[in-house]
Amino acid sequence: MCELNRRQFLASVAVPGVISVVGTLQASAPSMAIAHYKAPPADADGIAEEARRLTRRAVDALGGIPRFVSKGNVVWVKPNIGWDRRPEQAACTNPDVVATVIEMCFQAGAKKVLVSDNPCNSAQRTFPRSGIQQAAERAGAQCYFMDDRKFRKMAIKGAKILKEWEIYQDVVEADRFINVAIVKQHSLSKATLGMKNLMGVAGGARNRFHQDINTALADLAGFIRPQLVLLDAVRVLAANGPVGGNLADVKRKDIVAAGVDQVAMDAYGATLLGLKPSDIGCVVEGHARGLGNMNFQSLSPVQLEV
Amino acid sequence: MAGKRRTSWVVWLRRAVQTAFLLLFFYLFLRTAYYPINRIGGPVTLFFQLDPLAMLTTWLASHAVAAGMLLSLVTLGVTVLGGRWFCGWICPFGALHNLFTSLRGGRLKARLEAGGYGRWQKAKYYVLAVFLTGALLGVNAVGWLDPFSFLFRSMSTAVYPALNNAVVSLFSWIYDANPGVGPVRVTVVSEPVYEFLRRHFLAVQQPHYFGNVLIGFLFGLVIAVNFYRPRFWCRYICPLGALLGVAGKNPLVRLNKDEEACNNCRLCLADCQGGGNPNTEQWKPAECFYCFNCKSDCPSQAISFGLGKRADPAAIRPVPAASFSGKGVVVK
Amino acid sequence: MIGATIGWIKGFVKPPKEARLDLRRRQLLACGATGLGAAFLFHTHPLGRKRSYNPDLVRPPGSLGEQEFLSKCIRCGECMKVCPTNGIHPTALEAGLEGMWSPVMRMTIGYCEYECTLCTQACPTGAIRALTVPEKQKIKIGLAYFDKNRCLPYAYARTCIVCEEHCPTPKKAIWFEDVQVANLAGEKVMVKQPRVDPDLCIGCGICVNKCVIKGQPAILVSSVGETRNPDNGVLLQSTNPYGG
């Protein structure tokens, strides 16, 4: 069917295309920025403002959103909307971080911004209770529940274990992919960060990934290749992840990081949970495959105090 | 409709009210799945709170009743005063049976015979008696045959999932097959329609329920028997109807037949819903739904509804036609 | 108008001919006997009368004790419609014939969402009593247990832990023992073998729902330990810091 071939074509073009763009830009602009809030507030409105400012400053430090989104683009913004939890419980991405990313995309002239996720709990609960549905719609994005008809079995180029898997069609048809993940502890993969967040574009029997989680995540990361990765560490889930529920497990780090190298970003995210980058299996695997650099320090990340 | 008479405005009003309540039931059914902040989307259990049968059996069986269900005393009160208006105007299951009954064809003679009272209509009172006795001993199985339970349960486990599947299958087929001519594709129209349906009517996830085949089959059966007898469920089975029949067997609002005007054509039976025998002197208020079809159908305008009895039939003596000019004699 | 009212009131004292329902006394007595007979038969069925409990009869949280539940449930299906995971289904005979079409959780289809109280809001008669979210989170509807013959790290020396990943309790009710086992090639591999903590587990069933092995999952929830039926308990003393 012609649509499947178009997918394969796009995937085969995207990989060298992105690498060359990243390669060129790496020479001139920073590839990673870490924004930290100096005076963290305690009230909800203050935290919302903090999240917005951190997100904006982090992306601006990379050269601004026009580096990643061009006029007329269709952008897929992928937050973590996986769990039926409220924003304070740090199971899903902070809605203000997501809203800011959407606003920036429109400022860069994006034609359409799509926001969705294939969640673990029921979508009609996770989307509104995480606050992301309301925030995304207010920012002008199309936030919708995934349509079962649009999961298509696709050939995953370069995959070692996920040779063919159901991927959501709108994701591969979009022009840009921005990964907006939250930092959380996870018993199997030690942490769930950007690469784990990509599972939300996959359908089918995803619960089988866990039998070889690192290989599966690296396969997925090599296929999707986000143009921009953000890590929401305003609140992190330090224990009993990825679901959490106990507010005592939520820690305020007051950081938002942005970067183009998804392996480096995950390597950095691990440190926020008190782990080493080498502790995260998918980071090691991704580095070994050349998907990125796990020695994020060597990328000279820009450190900002906001 | 019998004859060439125009349908009475009361019948149109009744149909409108029935339709409104049926649509309200469907609307509340759909709202039961709307809950953005862990709060249910409105008074979705309204019909159950209006249901005196559920209130009565729950109270008998468990010696306590949820406060909201006391609303059903209003239904009882209205029925004691006025008769089984609930069955004729409000009950959504009744409206559904009414809808399918009206699809009956058949020759007039067959309809006249079917429209009259059948002695098996007593069965529902016996059914009610069994359930009430069981409730005295803590068994609240009346939910099997309570009309709202039956309708809601059938819809939620069987009918709605099946309809949802049918609609999704249709639009999925169109999406996959992508029919069209050149650049003009059907999906240009079908996808926006599908989005609209998804937003307002379809389930977020296709529901599946164990036990759906039996429940769906019984629902289909109950609807289908309307083609055997009009409003079969309402006449023969419904324990709520039986309860309202007991409560409403001596109503203030009564059917009055002008014996002089009546020529025994029996056309009033053609569309009689409840089987209350409006053509006889023995109109049965416990079976009448106050649908006003008889009043509308009567070519001699002999049937009217009003407070109290218009005439005591035993008091009417046949008088020579020449001795009065009016249509009937009013004897107080 | 007044005459009509007087006539109406008289109608209750001395019912006119057409107001008679014409029910035969003998038939009514027979119906009464049937109702009584059925009730006593139901009463002496082992289920619902504290003699025995069906492990498959896991009811929604907030459900009353079984005897009381059956006296209130009108089998309306509201809870079945509202459950966001499609986890509540009508029983066949799991609750006995008396309980037919009353609600039961089917964890292979759906599960009990941790922060959800919708079924408790939907029940019109209070058979599932209304709960706040904190109240609901302290109620156990059952207890999960592993089928070690099917669970990957026990039976097949493979890693999985999807159950633990999804467990929603603030301190997870599924924990691991890192065990060294031999695989087919004779190599020693470390696998995480999961265990259920009976104090913490509330029986929500998401573990069952997400278990990789469909149809007959490697982890199941049985009704034992359910808060609503104290007789159907298992622990002598609960040390669960979250209550229940």
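Chains: A, B and C, in written order; residue numbering restarts at 1 for each.
We take it that a residue touches a chain if its C-beta (ideal position, glycine included) is under 8 Å from a C-beta of that chain, and two chains touch if they have at least 3 such contacts.
Keep in mind that what you see is a predicted model, and the values were worked out from it rather than measured.
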Centrality ranking, top chain (CA atoms only): C
Between the pairs A-B and B-C, the one where more C-beta pairs touch: B-C
Chain centre separation in whole Å, for chain C relative to chain A (CA means): 38
Chain centre separation (chain A, chain B; CA means) in Å: 54
CA centroid of chain B to CA centroid of chain C, Å: 33
Sequence positions of chain B contacting 2 or more other chains: 33, 35, 38, 205
Set of chain A residues in contact with two or more other chains: 122, 124-125, 129
Interface hub residues of chain C, defined as touching at least two other chains: 84, 115-116
Chain A residues touching chain C - in the complex, by the definition given at the top: 84-85, 120-122, 124-125, 129, 186-188, 205, 207-208, 210-213, 240, 242-246, 248-249
Chain B-facing residues of chain C, complex: 1, 3-5, 7-8, 11-12, 15-23, 27-28, 31-32, 34-36, 38-40, 42-43, 67-68, 70-78, 80-82, 84, 86, 89-92, 98, 100-101, 106, 109, 115-118, 121-126, 133
Of all residues in chain C, those that touch chain A in their complex: 84-85, 113-116, 152, 158-162, 164-172, 176, 192, 210-212
Complex interface listing, chain B residues touching chain A: 33, 35-38, 171-172, 175-176, 198, 204-206
Residue ranges of chain A touching chain B (in the complex, touch as defined): 122-125, 128-129, 145, 147-149
